[in-house]
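Heads up, the next two complexes both have chain A, just with different partners, chain B and then chain C.
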Partner chain A sequence: MGVSEHFPALIVVIFFITAFISPLLYRWGRKFSAALVIVTIAAALGMTVSLLVTVQQAGTVFYHMGGWPPPWGIEFKADPLRLFMLLVVISVSLWIFIFALRDLQHELKKRVIGWYYTLYSILVGSMAGIVLTNDLFNLFVLMEICAISACAIISIKEDRECLEASFKYLILSAMGTGCFLLGVVMLYMATGYLNYSFLHLELAEAFNYYPRNIFTAAALFIVAFGTKAALFPLHVWLPDAHASAPSPSSAMLSGVVIKIYAFALFLMFYEVFPRTLLEAIPLNEIILWLAALGTLFGSIFAMLQSDLKKMLAFSSIGQIAYIFMGIGLNHESALVGGFYHIMVHAVTKAMLFMAAGVIIYSTGVRDIKKLAGIGRVLPITMIAFTIGSASMVGIPGTGGLISKWFLAISALEIGRPVFVIVILASSLLNAIYYMPIVINAFMQQEDFKKDIKPVPRVMLACLVIGMIFIVISGFYTTPVVTLLEQALALYF
Partner chain B sequence: METLGGIIDNYYYMVAVILFVIGMYTMLTHSNMIKKVIAMNIMDASVFLMFVSVGYAHGSQAPIIREGAEIFYANPLPGALILTGIVVAVSVTAYALSLIVKIYRYYDTCDYDEICEIRSQE
Partner chain C sequence: MPLSDLTRSRGGKIPIDDQIVRITSRLVVPFIQVYGIYVILNGHLSPGGSFSGGAIFGASLVLLALSFNLEAGARQIPHHAASLLESGGALGYALTGLVGVFVGSSYLANRIAGFPMGQPGELFSAGAILVITVFVGIKVASTIVTLFYYIIEGEK
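Here is the complex of A and B:
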């Protein structure tokens, strides 16, 4: 086996190593440091793909840190579902980083760009860890690393809005991790384990003796991951944080970071808590209704915004709710829809934030009303924005339709047609605030009188890649859906 | 009576939960940012207290192996984990305080309500 045996650990570790080396290289030149980060992410991507091939042939891979077997040591688990998440996280990170190379020079002070690379590697590394880990305390540590680095890539742009937004995010996410750790204590008290697999076996029995502990833990986990993933009533930090951040950070935070926590909640429900718990208390119902409210209110708030990035941020609240809906429906094809949405929304929202970034880079305009006629001066950007909007609404031919389709079909299958109506209503609401921008950008005759800075080719290339992916994911769905169905079959 | 006896026996759990609620309430409602950070630390400390006390059972001793003696050991694992937790809490505190310093330079105040007022006047 050789080195490939250690891939699960290496995928996480190389990011932390890069995080410490890249500031040193930055002293010699920005290019070296940027190249190192790109090589690291690409290497992690390669390792993920090779691990996925191994896992599909030989089944789930467990990796014991330092050779200590679990319950004592930390265990990493690589099953097809986690590797799918990892693939999404790492490839979207690589794509956003390439966009960031040019955009950051315009948004950040020159001396902090090197530190941005460090924070970015730490963020990606911690997210890879959250996906792979099979140990609750390890998850806690990685969540804190992820929270600090996510706040730091906002506050690195040292203006007032960013600092305030990042402080708000930090406090609420500290509340989230506090609740999470208390939940971990409750489970540890009842079972004496921190490893997911051991907990799952032990909790089934412990549930008969200490039901209150386990109920409390479940409630605390919903609050913790709900806060971090911006589930509807706990979303208050998100709009400021995602709107004020530099565009690549917004793309990263809205595209990937919030979904990691939704995935962590999924793991808690399906890997840690026993089935009997989910039957005993209506946890799924709670999540389902919060998600339904989230899809509607996220869109309604988004309609009221005049700032382009703030509108996109509010739209994320509505979109993350689809993923929670997938978890809440507790049905295999609903989860396929939820996970497909993780992938599609990661690409779509990241691309929309990139398009917003290009608009701000080139014209400095953030106000939605002033965007009229911009399609004539920035055609590629606005075409990307149009395709992104179409995917958000769920127009056929884009990836957004597929995930909503799966969610709606499974809602019908288990006899909950209410949620089909919710999905339809929120799609219409999405159309109400996305389409006017697109229509005004292309149809309005008035000339766009601002000074236009030429847009670097790298940034446009990134937008084109996003467009192509969204269209492909709308037509050629079989490979991903088969992968997800196989992966999710292990959980049912 | 049985519940009450249980509470008195495990009073450290109760203390931890009360501290947790105090911390969380202050963190979410107080407008002073420094106090928010202090409250965050109270909240973290309460969770650590709870975690460490899980490892202790009545009459147990420090987990140092002595040959030949039959000793009832306390569980060392929570202590080791909480050491990591404390480090994490310290780094979050340091980062939060550094953010407050930067915000203070812009507004000359640490009070969130006053900041909102200043922003609304602009």
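Here is the complex of A and C:
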């Protein structure tokens, strides 16, 4: 007994408390408002780590809100996989926030920065909730909170492009949540439960009586989470939204937010729907082929872009598809690859957006063609960009290789070599659009012409941390892979 | 009281210069506010609750601002007070939940955390629910006012 027992709830709640203190603090004690957010995220990180230690010793922890046991009350569940997700989400958020401290002053009007802190805390808190919750309706509420705060951190820049993009995002993600709610209704109709564990048991039987309801729910869930996570044909909102947002928001949205929904879909498949359903209709197969198309088309679209951030945004569509491929292959080591990719891509894409942010901060250039020779004036930034690109392509020595390796191995193991070819082809396509930027930045003879503003040290330090992590994740993979294997063993 | 006193302009530009609107809204606003408070306080007993009640209360302040002028309306609930109430309301909710953690049961616990339950069906019953309803009511009312002012100011 003690306060550590309440960690699952507190991890989520402290973000909301901070969110509501922030605007007050920004008015009456501006010095402390950024520090408060940092302390909150750090505290949540500490709680997550402590919870992970507890869970590894004593098994999965359940937390009942208000003391009401499920199926009546809302239940939070902390198992190793969720805590892994939480660790990724919270530590990447902390890192991006430290970067944002300097970048926001350049990109936003002064009076809205306090609101940005609020929105940021709400966003991180809602994502932590999505990861931890074990209740469908609670998931729906948190998804709404997440979607609205995600839209708001795009539109906070208040220029025409941002408003248009965030409005588009708002409409499409509202349709996604609408589909999700309808799916929840279908499942509730058939079983009378909202709790994942109860649904899982009850659906196995209800499937015999109400197959149509449950099929519809499955279809609606795929559309809902597919829209939210930008799975290939449902990705249309992503490029504008992620490209026009302020750089820290882009890093957050592309790095973390879309993966949360991929994770939620994973939970639907492995914790809610019974095995019999997944065998009766080829849900995994649908996800798999959409993901395969996504890896290829995301890269092809990215090649056609001339705007740096837009290219990175399209690349996210290709990369999120790897994670869906892990879910689609429905094999333990494919899922290890998928989850490893969640971690690696969260760091890599966030770092690439940060590098783009530094380039825009210091030179104002967004056009890829005008970046020639920039490596000589912004060396650290472009080295970070190079390492990030290498990880995207999957060059040995970077984390990107490891996840693709696991995906490819498991595709071979279950006898689907065609997906190995897809992975190879998409890696080559990645190389086609990432490498020219790198080569131009360093090899071009002509000098970079524009004036440059000195880059704050904090921003460069963030880039260096990212680089170090990507390289470490390329060599020293054992702890994470063991953790994931243990965590996923619970599902097979 | 002479009629001119009731409808006296309180500085600034007057959006609607209509005595009927002003006098009517002056008469109606207290009743709307009392009704809003009633709906909030009875949230745990009857249909409605913090959101509907807060919206009614907020609408009364918007009505004042519309029928008189913006400055007069803003004086009822100034900008920083509105944002203080807004954050405070939500914060109150979160902190009420934390009471459960401090007494050692669980987050948002009600009866087990020692909130007095009272007699079912009476006004002061249901423990934490009433407290939370009041906080959310404050939050919703001030949010409606804040939203209204942001939209009005956005047009300038």
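Going forward, the second predicted complex is superposed on the first by the 489 of 492 C-alpha atoms of A that agree within 3 Å, B and C clash if a C-alpha of one lies under 4 Å from a C-alpha of the other, contacts with A are read in each partner's own complex, and residues count from 1 in each chain.
One rule holds in what follows: a residue touches a chain if its C-beta (ideal position, glycine included) is under 8 Å from a C-beta of that chain, and two chains touch if they have at least 3 such contacts.
All figures in this text were calculated on a predicted structure; none of them were measured in a lab.
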| item | value |
| --- | --- |
| Side-by-side fit of chain B and chain C on chain A, or clash | fit |
| Partner chain in contact with A:188 - chain B first, chain C second, else both or neither | first |
| Touched partner set for A:420, first chain B, second chain C, both or neither | neither |
| Contact breadth on chain A, by residue count: chain C or chain B | B |
| Contacts of A:144 with chain B and chain C, given as first, second, both or neither | first |
| First, second, both or neither for A:175, with chain B first and chain C second | first |
| Contacts of A:66 with chain B and chain C, given as first, second, both or neither | second |
| Partner chain(s) touched by A:167 [first = chain B, second = chain C, both, neither] | first |
| Minimum C-alpha separation between chain B and chain C after superposing on chain A, in Å | 7 |
| Where chain A meets both chain C and chain B, residue numbers | none |
| Residue ranges of chain B in contact with chain A within the complex | 20, 23-24, 27-28, 33, 36, 40, 43-44, 47, 50-51, 54, 78, 81, 84-85, 88, 91-92, 95-96, 99-100, 102-103, 106-107, 115 |
| Touching residues (chain side chain A, partner chain C) in the complex | 1, 3, 6, 9-10, 13, 16-17, 19-21, 23-24, 27, 63-67 |
| In the complex, chain C residues that touch chain A | 80, 83-84, 87-88, 90-91, 94-95, 97-98, 100-101, 104-110, 112-113 |
| Chain A residues touching chain B - in the complex, by the definition given at the top | 137, 140-141, 144, 147-148, 151-152, 155, 158, 160, 163-164, 166-167, 170-171, 174-175, 178, 181-182, 184-185, 188-189 |
